[in-house]
Each structure stands twice: as structure tokens, then as C-alpha cells.
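For clarity, chains are labelled A, B, C and D in written order, and residue numbers in each chain start from 1.
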Amino acid sequence: MTAVPALNIQGLRKSFGKTEIIRGVDLTIGRQERHAVIGPNGAGKSTLFNLITGRFPPTGGKVSLHGKDLSGLAPFQINRLGLSRSFQITNIFPKMSVFENVRCSLLWARGYRYSFWNMVSKSRDLSEAADAILDQINLSDRRELPAGVLSYAEQRALEIGITIAGGADVIMLDEPTAGMSHSETDYIVDLIRRVTENKTLIMVEHDMGVVFGLADRISVLVYGEIIATGRPEEVRANPKVQEAYLGAALEAEH
Amino acid sequence: MNRQAVQNQTTAPQGGVTLATALPWIISTIVLLFIPLVFTSNSAITIMNQMAITIIFALAYNMLLGQGGMLSFGHAIYMGFGGFVSVHVINYVEDYSLPLPLPVLPLLGGLAGLALAILIGSFSTRKAGTVFAMISLGVGELIAACSVIIVVFFGGEEGVSGDRTYGLPVFGIEFLQQIEVYYLIVFWLLLSALLMYLFSRTPVGRMANAVRDNPERAEFLGYSARWVRFFSFCASGFFCGIAGGLFAINYEILTEENLNLVQSGSILLITFLGGVGFFFGPIIGAIVFTLLSTVLSLQTDLWQLYVGALFLAAVMYFPGGLAGVIMMHWPAFKMGNIRLLIGPYIKTFTPCLVGILGTAALIEMTFHFRHAAIGDEEMTLFWTTFNSHSVLPWLLVVAVTAAAFWLTRRNLPEMVAAWHTANSLPGVSK
Amino acid sequence: MGNTTSFGVTAVLALSVSATAAFADNVKIAFIDPLSGPFASTGTNGLHQFEFAAEALVNDKGGVLDGDMFEILAFDNKTSPKESLIQLQVAIDQGARYIVQGNGSGPAHALTDAIKKHNKRNPDSQVLFLNYAAVDPALTNEKCSFWHFRFDANADIKMDALTDVIAANEDVQKVYVIGQDYSFGKSVAEAAVANLAEKRPDIEIVGNELHPIGKVKDFTPYARKIVAAETDAVITGNWGSDMLGLGKAIIENGFTGPIYTYYAAGSGITGAFGETGKGTIRLIAEGQINPPATDEATAYYEAFRAKYPEGNIDQPRISNVIAMLAAAIEEAGTATDVVAVANALEGAEFDSMWGSKIIMRPNDHQAIQNMHIAVHTDDGITFDYDNSGFGVVTESEIEMAGMDSTSTCDMKRPK
Amino acid sequence: MDLILVNLIDGLVTGLLLFMLSAGLTLIFSMMGVLNFAHASFYMLGAYFAYQISLFMGFWMGLLIAPVIVGLAGAGIERYGLRRVHQYGHVPELIFTFGLALLIEEIVQFIWGKNQMPYSPPEILQFTLFSIAGNAIPAYKIFMLCMSMGIFIALLYVLTRTRVGMVIQAALSYPKTVEALGHNVPLVFMGVFGVGTALAGVAGVIAGPVLGTFPGMAFLLGSIVFVTIVIGGLGSLWGALVASLLIGWITTFAASYNVAMADILVAVGFEKPADLSESALRDLWSLTLPQIGPILPYLLMVLILVFRPYGLFGKRDV
């Protein structure tokens, strides 16, 4: 781990009306770490994600990416700093082809910005990169289909493809395996492992098998507060965690 | 809903220029160049000029609606403003005998449209959806209202007129005749259409699609949805302005009607009728609508009734517009199954057409029966002259219409079955 | 690909445009006015009057020259200048050499301008523009044209006549002028103020305002102001629903004096005013409908009624257009050389059945004729409007109104 | 001072009339997301139906029956037209209502012709109720006032005191949740559309005799109704009410006071050019308030959308 962490969260708070959903979160995630955030339903995991990525403005506290303060930045500005995310509810471009979906997510990172003098289809570089990602997420044979007609698992895979395409080094995945069958889950986990090689991964996940299989470190979020952070075995052993959340799940698993 | 998926899909050919992508352009160019040899009358050329101008306008409008997902209720102002500026330039150039050749005038119109779009877009594109739509309505209404108040620039009700033959002949052409103007318009039509087509292939054009589908996701890809909308909006304003400049050259007069909500509403209908999902959709829409409003209105006073009914039918049964209907057949065509459809189509659509024409005939006859002058009981419909006050024609038309619809209904299942057969490969289920 | 297939369709249909023109030796008169849209009723009624006039005054009498018949071709311009120009082109292609139009100064300006250019650029197919109702003074002043003839009195002449009547009425001390906010509304207001200042300096203009055209939903606030100003008379150039809305609001809010209008008759307006407007609404127009000016007019109107029971002759000048054109063609000895016909029309004198002599003033092509001020009532009506029992009865007549009015017209004649 | 009172009454009548239209539209808009462009066409249908009925059975039967027919027609159009288009998304829905407005106008012209209809207030209400400083207040105006008030109170009662009203209110704020709760949303939609259009019909019945019954009456009112609900804020009945009254008063007062731009310009220190006809700004100098009165609502709407995209009382973006 280097001196500057990939993501640093200090005293982050968020209230909706009178209800405080995130109640002072402090978290540091190192470079190339695979970090999972777990917690019971309604703990505020997705809200935490939305605060980090600028989807909602926080009520208090601050987030920094590679040591750079993210306060007041819009999502697209945060993305340009090298943070990319997926969504809990599939969030793709349903009317565009699978290939187009991926290619669009490459555009900014490849420096095309708002140019209206380049033809995207002329760029071999762009097409090859997009095809490489399609290959990575196993959707090459779906290349020309509109994304909206893909199966659920394929859409989730595409979502991950879009998220990683821009080459961001901090990847945030929000419940990538939600609603999937066992075999689909295995496929996605394998995919995540492959595409986040040498990157920082932060994920929210319910499936404990996935969490313990992937994560280097785990944070447990309960009622807007992190009650424990550590390596999987530390978290598993933490009595507070067992009490609050994990006990039942772990018993069921073993 | 296979149709839905197909029609909304964005067509994006891969790779560089191939014969397949260039062919439609080449054919269009040839057709546009030679069509005046077929239709030599001034009126046909006038109608074609009008069509070409509407095509540019509709394509520019579809840059917003189809490609950017922005619904504008006041888009006539960009074309109108471009036109007003152009006609003022014509007068200015004439008064001061400046060496500005007429063919470049539409460019000035385009820049005027662009300038207005930058001004309005700077605040209206911050949000999409209803906010954008309502701002466009409000701004459109305000500028249209200004057109009768600010007489200095808009000329009040009689508008501003100019004379396009002001300048030196360009390559010996003085633009005295409609046909000369036709070729000028065709030049700009092809150029603008090509540029607009290419625009949709640029990064910002592609991202316009992405922002249309899912602005939030686009933001998480590093693009500001607002700026993407703004750029599309400006580009659209530019091409609307070009259409306005051509309007100024063709009609040599700009009036309040170029700005008002009726104009803004009809371009929305034209674009939608043609089909917003495809680049060539608005072209079809513009051609069909121009024909309806010039040719159909010569045939019947009730043409707006039919146009209204056509739009309702289109939006209910063919939400992809006419282009969507054409492209629906693409899969079957590619599989070589299109011939399976021809027979059932003829069997269903012929009676259907007869039924629709029969209904129209009944409407016309009712209209004639109620409004014709006393003693003037004869009416001519479909090259047949008869007495609208006698019972026989009525019985006949009602019988034919009813029979036609009955036949349509009877043959419909066969057509649907044929459609399914034609669209399924052996062993592949849709 | 779409372009190519659709152009095929275009082709077929565009052909059908020109295919309908196949009659030989008829004098084709293109009627370019709204036949659909909000002003369609005025347009349709005008078309009927033209068709009837052509039949009754020309064709039934054996036509012109060697039995050439008048044929009215109808074109729908939807009150749009752009559509007017398209239809003008179609009309010329179909062989029309005479264009008649009247509804809306916008289309009228567009047409004069386009015809001027067309005649310069296409000496083989020159056309004349017979304007029967567009009254913008500019058309016979700074924008006048050799190819344009106006058969209605222009707004200034009408106002000149109207203010003569107002000036003669000692009871009128205060006048309120209100109109639509566009060129015509403005010129009515300007003419009213100028004429009154000259003829009756003691009259106070207690209000002079413009309201947006076709956008006012409720005229009550305007009516309140008019009533509060305690005016003795109202002058307005409003037409259509703006006329009806304004008139009704003024009367309903307690005004009883005269409302002098240009266009408060026919097209359903008379019917809709009904009892409400009785004795209040006044109209300045060129022809005398009630009591009928001549026996010929009575017979003409009765024949029109028999043919169009729902119709009104609310633009008697239409029959003047047809009759004067026929006379000019006879005098010129040709219907195709429109320059000769125009020269014959210039300075032509004609006795109209509607109770007036008409002179087509040569220097600006403005018809000079008697003006009539009529009142909306149901007493003494021979020919009502809108089958409502109500109609207009002439109260006073101004002979050869505007005869000595000046014109800024500097007419360029073809050599 | 008296004129202000009169204008307040006139503005109130206009505003409440507008409210009858905007109330229905805001319900439809916020529940179904449909920008119903044909809403004012139902207002026109109300006037024409009532006129036709009044020829045979008198004004009062028209008032009773016409809105019912309009409501049924609205519900039918929702059931057989809009619902079909709903699956394609919002833009086609909007185009559908756009085309519908066009078609209704054409059909009305086909049946009744293009002229003004001689539709008048009932004899019994054709008298001056009272006068304020010479300004007559016709009894019919007060009748309109009472009608709109009555409808507003009835609407408020239904929405706040009945079960159906609760569902509708919930659907205004959380359309998806209500669907999830197992209510028959299509039926609620059809009902709301029917009632909304019937309200527009009532407005047409009582406004037709004073504002004129002609084919252009829908177009004249069409977009201003949108402006009203956007200014008021979507999903807010109170917002619709406030915005309606605001627009009613703004347009009334703007038409009543001849504030001239020239006076304002001179007051802030500009010098009036001697020869206006030569000045490029002559139109600005001759501008008066009544000239721009009817477009003020649009200006207001644009400003509100730019600075407060959810309207005066709305809770979510329009």
C-alpha cells in the first residue's frame, strides 16, 4: 500500500429530512484493495455509494480520491478523476447496441471529449478496445443486439463492462450479483476478479460467498455507521458483527 | 414486442466508408439532380423546394428529438430567426452592393440560428424532459409574440421581403428561375444532411444517444449530460438556421408564420410521422407532409381532418413512424422472406385501403350533402361524378366500405401468421 | 433509400397537380384564400361569391370576347404567406393569369411582391393581382405595383369616411380607439387619430390602445377601461373572434354608444351578436345591402340565396371585381395579354349594382367608390346575415370616399 | 380604487375558470405523466355539446349533461387510445394528444362549421347584478364564480375526505408506490382522465357563452393551461389554484393599466428620441403593458423554470 489511499472518507453524514441515514462514516481504502461493504437491508450502503460518487450531496464530512477532495464535484467530474461505478438497478443504455454501450463508455477516457470533428467509427483503436472489453465480459456474440433485449445476467455483465471500460482505477460495484442464480453468480464473480486485476474495487454485496471469496477487507455498515472493518476472518470473528448481522447468515452457510 | 426493439435500435454502421453506406447518398444525389427533368413545371419544383427545406428542418429537429431525446415545442424560432437574418442580409447587401454571393447566404442563416441556440440553450438545456419542453414552449411563444411587436426587425404582419437576384451572377446564374434555386437548395440539402449524418457519428453525437437513453449513466462515464445536450442543441439550431436561409432565398419573404407555434407543432408532427428512430425518418415525414399539405389540400377542404386522423393512426399503430414501418421489414428482407409477405399484404391492405377510401368518400359526401349550393347536387369523387342527394351512391359506398373492412378483418390473421413465418428462421425463436 | 422511394410517390402526385388543368380557352381566375383553418368560413363564403358572380355576371351572359368563360380555380392558402406563394406557382402553372385574394395583409404583401418578381422574371406568364379585401394602405402607397388592383377601399379611405360621419355628430365628444396589435390595427388607429384631429379637434381621444392579436381570452378588462373612460363612441378594426369578443364584452359591461367597426358582419359574427349588438354595432363598408340599392342587386342577392341558403353577400365588391375584369377584357380585346387588361382597368369607370359608381384610380390602382355606414339591427332587413334575422341597414353614405386622398405611389409601368 | 375592485373580481372569474382546466390537467399530468395537449379541446367540446343541448333542452340541461358526455368521451379515449400508446413511452403519448387536439378541432368544424356559435347565457342570468362605479357586474359572472368555487370545494372534499381521493393524492406524489399497493391503476387512470376532462367540459359549458364558442377556442386556451400547472408546480392542486389566480389577475391587470414603456424609460433617465420612426428601438419606446399582457404568463413560466424547476408549490421536478 502506498502512502496516499485510493479512497478516504472522513466523517461522512447524510440526512433526508429529519432522518439521518449515514451517521459519520470514516473509511480508508488502499490502492488495489478489494473492499466489500456489507450490512443489513436499509443500513445505508447504496446511499454511501451515492455520496461517494457525487450522486447526492453529503450533509457533512468529506471524501477524497487519491488525496483529492471530491466535495462539490458533479458525478462526471468525479468519474474523470478515475472513479467508476455500477448500479444496483441495471443502468445501461437500453436502446443502443451492446457494442455502442461499451464504446460510449470508452469515449471520454480515450480523450474524445465533446469533439464533433472525429468519426467514432473511423477509430480502429476505439473499436478494438470496445471489442476487447466485449470479449472480456463474454458478450461478443451479442455485439449488435440492443442492450435492452439482453438477459438479466448479460445486462449485469454489460453493466460491469461499461463500468470498467473507461479504465478507471477505482471501481465501485453496487450489488453486482443481486437476483442471480448460482451459476450466473459464479460467472459474474469470476468476471469481477478478472476485470479488477490491479485495480481498487469497492463493492456492496449481500451474497456472503461472493464477499468472502473476493474481498481483501470488509466493512460492516449498520444503521449508517461502520461497526467493523478488517480482513474477512477478523470481521467474521468480531462479536459485534456477529451480533448485529452476520451470525444468522454464517450459521446458515455452514 | 419485437417491433419496439427493432425500431428503437440505433443504426450504427461500423468501419469507414463502404459502398453500402455510400450507396443511399449516391442514389439520392442522382435522383435529386435529375428529378427536375421529369417534373418540369414550376409548381412541381416549388413543391420540391419546399420539401427540401422541410427535410433540412426536420432532420435538424430530429437531432434533438430522435438523437438527443429533447422535445422542443418552439423550434420554429431557430429556423425563423435564421431566415429573418438572411433576408435582412439580402437587403443590406443590395443596398450597399456588397460582394456576397447568394449561395453562401444559408451559412449566415445557420450562424444566426446557432447564435440564438447558444443564447437559449445556455439555460434551457440544463434539464431535459418536461423542464426543457416547457422552456422551449415559453421561449417559442415569447419570440413569436415579439415578431408582431418588434416591427423593426420582424416587419410585423407583412414580414420582411427581399430580392434574391440582387447580386452578381454566380457562374452566370442569376437565380431568376425556380429551377436555379432548386439546385442551390439541393446542394445545401445534401451538404447539411451529410453533415448531420456525420454529426451523429461523432463522439458528441454518440453521447447524445447515450444521454437520451440514460443521462445519469452518461454522467458516470465522464460526460456532463448538460453539455452534451447543449452541443446537440446548438448543432440543431445551426442547421435550422440553414433551412431558414434557404427559405429566405426560395420565398424571398419571411413573416410571423415562420416563428409561430403552428410551425413548431407541425415540425414535431412531421418528424414523428417520418419516424424519430432512424436518420432518414424525418426525410420521409417531410416529403409526405409537404405532399399532404400542398396536393391533398388542392383536392379537398377537409385535408386537415385526414391529416389529424393519419397522425392518430400512426402514433397508435406505428409508433416508429413510416421509417419504422419500412425498417420492420428489414429482418425479413435480410432472411430473404419478404416474398412470403407480398401475397398476404395485397390480400389485406387492398381491402383496407378501399375501406379507408370508402370512409373518406362517406365523409366527403356528407360534407357535400350539407354544404353544397342548392341545385349543385353533383359531386366528383375518385373521377366519378354522381348526385350526392340520391340514395344509390350512398348505399353503394356504404356497402363497399363495409365489405372492404370485413374482408380486411378476415384476411388479417393470415397476414399476421405470414409475418411470423417471415420473421423466424428455422429453429430460431424470436 | 427512403428518399428515392418517396420521390417516386411525389412524382405521381405532383403530376396530378398539373393534370387537372385541361380546359381550353377559359379565363382562369385563381382564388387564393383560406379554405381551411380558422378563417375558412370567410374564405369559403368569398369563394362562393366569386363562383356565383362569374356564373351570373359573365358566363350566363355568354362569357367574354368570343364566348370565353370565367373559371374560378380555388386554392387554399391557409392564411399563410408561404402557402400563398406555393399556390400562386401552382395556379400560374395551371394557366391562371388573374389572382384574386383578400384575407390577410400578410398573404397580400407576399403575393404582390412575388407577382412583381414573377412578372419581371417570366414575361411569358405574367399575372394580375386583383385584391378584393386586403386593406393595408401600403399596398396602394409605398408598396404599390402596376400588377395590383384593389377593389375595396383601403383602411385610410374607410377611416376618412367614417370620421366624416363621426365629425357630423355633435353628441360625440370622446372617442376610444382599440385594435389588434399589427400593421392593420396600427394604421386604423393612426388614421382615426389624424382624421379626428383635423375634422373635429374638440373630440378627445380618451383611449388608444392595441391588444395582442388572437391571444386575448377575455376582453372584460379592456371593456372596463372603455366604460370607465366614459367614451361616446368606440372605433375598432378588429375582426374574427377578436371582434366578437371585444364587442360582446363592451356591450355586456354597460356601454350603449356606437361601436364603429370594419368587420363586424357576416361569417357568423352577425348571428353571434344577435340581439346584444342591436343598434350599437356599426359597420363601414362599400356596398349597400339593406335596403337594396337597385332592383338588380335584389335579384342578384335572391339568386345567390337560392343557391347558397347559408351564404351571405358580405363582400359586394366581389361582384364588382368580376364585372370590371370582364369589361376590361372586352375593352382590351384579349384575356391573355394582362398588360393590356391592366391598362384597360386603369381609370375604368363602372356603375355597381350596390349603389355606387366605381373609378379605378390610375395612379395607385385604388378603387374609389361610395362608402356606407350601416347599423346592426333586425328592423328593415331585406337580406339578413347568417340566417339570424339580423343584418346591416345603411344609415349614411359618403360619396366617392377618398377621391382626393393622396397616394405616395410611384408606379413602375412595364415598357 | 373602484376599478381595482372590479378588476379583482374579473381576474378572479378568469383565474377560477383556468383552475377548472388546470385542476384536471394537473391530476392527469402528475398521475400519468401525460402532457395532455388535448385538454383544452375537451373544454371546447363541453361548450359545443352544451350549445347543442341548449337548443333543445335549455342551458341548464346542457350544464348537467354536457360535462358527463365529455367525461365519458375522455374516459373512452383514455381506454381505447391513450392506454394503447402508453406502452410506447411519453413522447408518443404526447404526440397522440397533440394529434387528438388537431382531430377534435377538425371534427368540431366538420359538424358545427367554422363560425361562432350563437351560444348565450340563459335569459334568467342576463341582468346586471350590481354596479361598481358604473362598471356593470353581470349576474352570469357571479354565477361562474359560484360554479367554480363549488367545484373547487367539491374537489377538495373528494380528494381529502374520501378513500378514492386518498389513493389519487398518494398517486400524485408516489405514482409507482400506489401501483405496487395493488390498486387498479389503469382504472384509476381512466377515472381520473374522465373526471379531469369532465371538469374541462364544465369550464367549457360555462365559459362558452361569454368567451365565445368557436373552433379556435381550444387553441386560444391550450398552452396557457400548461403554463398554469407548470408555474404552480406539478401534482399540487393548491399550486394550480394559486397559479390560476395569479395568471387571472396578471392578465386582467396588465390589460387594464396602460403603463407605457416610454414612461418607464424616461423615469429611469433615458431620453426619448425626437424622431421615433428613425430609431431602431422605436418598438420598445411605443410598448405598452396591454400589448404584452397575454404573454406575461409565458415569461413568468420561463423564469420560474430557470430558477425553480419544480414550480411554486411542487415537490418534484416537472
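To be clear about the criterion, a contact is a pair of C-beta atoms (placed from the backbone, for glycine too) under 8 Å apart; a residue touches a chain by one contact, two chains touch by 3 or more.
Note that the structure is predicted; figures quoted are calculated from it, not measured.
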Between B-C and B-D, the pair with more C-beta contacts: B-C
From subunit B, the most remote chain by mean C-alpha position: A
Geometric centre distance via CA averages, subunit D-subunit B, whole Å: 31
Averaged-CA centre spacing for the pair subunit D and subunit C, given as whole angstrom: 35
Separation of mean Cα positions, subunit C and subunit A [Å, integer]: 73
Junction residues of subunit B, two or more chains touched: 145, 149, 151, 302, 304
Subunit A: positions in contact with at least two other chains: none
Where subunit D touches two or more other chains at once, by residue number: 109, 291-292, 294-295
Those chain pairs that satisfy the touch definition: A-B, B-C, B-D, C-D
Partner subunit D, residues of subunit B touching it in the complex: 1, 4, 65, 71, 123, 126-127, 129-131, 133-135, 137-139, 141-142, 145, 149-152, 261, 265, 268-269, 272, 276, 302, 304-305, 307-309, 311-312, 315-316, 319, 363, 367
For the subunit A and subunit B complex, residues of the former touching the latter: 53, 55, 74-76, 79-80, 84-85, 87, 91-97, 100, 103-105, 107-109, 112-122, 127, 146, 148-149, 162, 166
Parts of subunit D lying in touch with subunit B, wherever the complex brings them together: 35, 81, 84-85, 87-88, 91-92, 94-96, 98-100, 102-103, 105-107, 109-110, 223, 226-227, 230, 234, 280-283, 287, 291-292, 294-295, 298-299, 301-302, 305-306, 309, 317-318
For the subunit D and subunit C complex, residues of the former touching the latter: 3, 6-7, 10, 13-14, 109, 113-118, 120, 128, 131, 133-136, 138, 210-212, 214-217, 220-221, 224, 251-253, 255-256, 258, 288, 290-295
Complex contacts: residues of subunit B adjacent to subunit C: 24, 27-28, 31-32, 35, 38-39, 41-44, 46-48, 50-51, 145, 148-149, 151, 156-159, 161, 163, 165, 176-178, 247, 251-253, 255-258, 280-281, 283-284, 287-288, 291, 293-295, 297-298, 301-304, 323, 326, 371, 373-376
